[in-house]
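Here the chain labels run A, B, C and D in written order, and each chain numbers its own residues starting at 1.
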Amino acid sequence: MTEPFSEQVNIATEADIVTARQIGRNMARQLGFGTIMQSRIATTISELARNIYLYAGSGTIFIEQVERDSRIGLRITAADTGPGIADMRKAMEDGYSTSGGLGAGLPGVKRMMDEFFLESVPGKGTRVIVVKWRNEAGGGDPD
Amino acid sequence: MTYDDLEEQYARLLRDYREGKGEAPLYGAQQLGKQLLARNVSPEELADLHGRALERLGPVPEFVRESFQILTEIMIEYGNAYRSIHSWRSRHQQLESEIAVASAMQQALLPQRLPSCPGVDVGLVSVPAKQMSGDYYDFVCHDSHRFSLAIADITGKGIPAAMCMSMLKYAIDGLGEMELGPAGILRHLNNVVERNLDPSMFVTMVYGRYDADVHRFCYATAGHEPGFLYRRAEDRFYDLEGRGAALGIAPGSTYEEREVELEPGDCLILLTDGVTERKVGRAYFQREELVSYLQGEVGVPAQEMANRLYHRLLLLSQFELPDDYTMIVLRRT
Amino acid sequence: MTYDDLEEQYARLLRDYREGKGEAPLYGAQQLGKQLLARNVSPEELADLHGRALERLGPVPEFVRESFQILTEIMIEYGNAYRSIHSWRSRHQQLESEIAVASAMQQALLPQRLPSCPGVDVGLVSVPAKQMSGDYYDFVCHDSHRFSLAIADITGKGIPAAMCMSMLKYAIDGLGEMELGPAGILRHLNNVVERNLDPSMFVTMVYGRYDADVHRFCYATAGHEPGFLYRRAEDRFYDLEGRGAALGIAPGSTYEEREVELEPGDCLILLTDGVTERKVGRAYFQREELVSYLQGEVGVPAQEMANRLYHRLLLLSQFELPDDYTMIVLRRT
Amino acid sequence: MTEPFSEQVNIATEADIVTARQIGRNMARQLGFGTIMQSRIATTISELARNIYLYAGSGTIFIEQVERDSRIGLRITAADTGPGIADMRKAMEDGYSTSGGLGAGLPGVKRMMDEFFLESVPGKGTRVIVVKWRNEAGGGDPD
């Protein structure tokens, strides 16, 4: 186990999305997540960072180790000062995203993670915080 | 079964197939697929499982091993689609259970018994096309010799029509105390419907009072499918005349009252258009054809007549009921 | 893009990843996954695509090539699950479009305007948890200084509650002419609900009259979540007292009338339990906590206060609205 | 192209299911169906044969080449004299089968094939007929 750590990536280009994924994947590996969960974490970061890139233009992804009740997890915070989400209840519905509702999108991210928090103020920006716990029942690879 | 057992089972299928056992391991693979689904193994986990099982067969080249990492990334997107099934399914089942409750509430609004007055025999069949009905009927007994009845069809079917039906029930209930005749009641209901319903919705209705002392039926019609009057003496069916705009079409519509007197053996048949509206093969059923069916079943008790007609007509359209079906039969004994 | 192009794109990702380009091809794989889903490429087709793309990289050992046949068989089962999404979705959408119509009908039953009387400012937020609401509210203006209001919650949510709401609306409409006070109205409605609803269903309600001449609110309560009275002079919130059985619990229930007088700056807040019923993380929200939220928003116009509270509470439960939400704010200016 | 052909397999054991799949897959290959469609046809036969094996005890699978309007296809007829299906509308609903509604089942079979006909008389037996056309739009492998 290393010391608790965190990293921040500024998102402004598609290359930044790749960087954030890479950092998240590495941190997930260091924290002992299985390979599938590493990939799910990278996918989650990808979705959040792409939302920033596509809808807000720029913002940040903050990735950090968290501990609670002797559990260890990874927390990802995506924040931007973009236009915000007008109808948040709709954004959390399957089938809302342009891809016809298949694939990740915010509901998909919520299902892959253990905790999910979304906050958005139209005209002010959006913040999404997700946490994935290690060894949480059903959270790791199947065994 | 543990994940390790699954991996071993998977590797065995791969080995069997490699050794030329052909279709049997492929069948085994399909069964394993069902097991994995039942255990909620996600598509990305399956891709990973495949890679691991393959390692058990022999040295896997590095570029093949690495390729599973790419497959896993793609599969995560499929996994998210897969995980959404549960959410769709549960939302749908939630709605269906709500509809079941609402449909029971609707049933409770309908009269539970038919009127029983001396000398007149009443039969009824009412079957919704979907779970909830947009046809409405009501019977109110005033005393031992007189009762009122309503038969109505709300535009459309399903939930919106059912909502409208429950309004209608209360609007009629609210009239209880007032001393209005059939035409007055329709005039009043027209205003209620007109005021409260979307302009695209309307209701057709026949409202009538039967007086078993004199066997006189006094009724008014609001754009409703005409009923039939069967004259025993002539063994003939007549359309039950009546005119008036459907409820909700225009404010201030008025209605005219008409009367018929039943002689012994005469019948009145009231119905909604769901009775006639059916496809027989590629043709539509005609009202004249219905008369010949009615003719074939006349002379039995009213309920028996209604039942038989329902079953004969259902068979005719191969058990499809495209619209709500309601028929009321009054027969002077 | 043809299948061949997809195969080449896939092979390029495999090559890039093999050449150590790391995360970039993995990101490309995720985007490709989205594309494949959008093009309705099934899981079994994806397994096949993977196998073909791999062949472009170099000689694939026979046992690896054969293994994709096993993967395809398994994937067909996943493909069937995947294909069922569309069917779930379209069944669900059919019902949802019916519900959209019914929900518009329901909206039409609600008052379209808030009362405007001198010296009292009215605000309202009413949001259904699902498309159809089981909360009910009504405003009736008697003259330029007096109006009545009702706020009610029907057991349950969704379609059955909405059906019941439309009954309630008609029952109240039917009372229009009668000269009953709040307690008398609840007594009458209790009998209607008792007679017509399933015994498992009931309705909680506050019915009140506001007289803007004297700024007196006279009300009666039927098992409803207590409202709040804000006293500006003390800067304090009090529960709005009231007792009486919910409508539909027992025949013949009676209700007591109470009165409060508002001083300038005082507020009355009426609500349904959907306002308080929310989970915050793993804990349930407490009524005392609500008071601190109310305290934070007092002093602005009534509608503004209602809006702000709705948004703050929605954020608190992370946009989940487990129950229908209705809040009415009366503020003496 | 060979002459129109057909084969019948009696289903009474699980080995018969494998035989029927094998014959169907071979016929599909000879008719020029792609590998994925060959597997889907084998899966379809498997489902129909398993329903016979599990619910009727025994029955037959008949597989034949069909032609219509210059299109060539494969028709599979599964017939038994078992107890029949009490509620056919339910049997065609997703989620009815024991596996929790995921995977093939009759609705899955219907979606994989181009034509589907089900007839069942309680106490008399069940007959399912499906057809898959070659080169039907969307019917073959993607291209």
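Some notes on this structure:
Definition applied: a contact is a pair of C-beta atoms (placed from the backbone, for glycine too) under 8 Å apart; a residue touches a chain by one contact, two chains touch by 3 or more.
Please read all numbers here as calculations on a predicted model, not as lab measurements.
Work out the mean CA point of subunit A and of subunit B, and you get 45 Å between them.
We define each chain's centre as the mean of its Cα atoms; on that basis subunit B and subunit D are separated by 32 Å. Mean C-alpha position of subunit B lies 27 Å from that of subunit C. Under the contact definition stated at the top, the residues of subunit B that touch 2 or more other chains are 26, 30, 33-34, 37, 69, 73, 76-78, 81, 84-85, 88-89.
In subunit A, the residues that touch at least two other chains are 39, 42-43, 101-104. Chain contact topology: the protein chains form a pattern that is neither a line, a ring, a star nor a complete graph. By the definition of touch given earlier, these chain pairs are in contact: A-B, A-C, B-C, B-D, C-D.
Taken in their complex, subunit C has these residues touching subunit B: 10, 13-14, 17-18, 25-26, 29-30, 32-34, 36-37, 43, 46, 50, 53-54, 57-58, 60-64, 66-67, 69-71, 73-78, 81-82, 84-85, 88-89, 91-92, 95-96, 98-99, 101-102, 104-106, 108-109, 156, 158-160, 162-164, 166-167, 169-171, 173-174, 196-198, 201. Residue ranges of subunit C in contact with subunit A, taken from their complex: 22-24, 26-27, 30, 33-34, 37-38, 85, 89, 315, 318-319, 321. By the touch rule above, subunit A contacts subunit B in their complex via residues 35-36, 39-40, 42-43, 94, 101-105, 107-108, 111-112, 141-143.
Subunit A meets subunit C in the complex at residues 17-19, 21-22, 25, 39, 42-43, 46, 88-89, 92, 95, 99-104, 116-119. Against subunit D, the residues of subunit C that register as touching in their complex are 2-3, 41, 44-45, 48, 69, 72-73, 76-78, 80-81, 83-84, 87-88.
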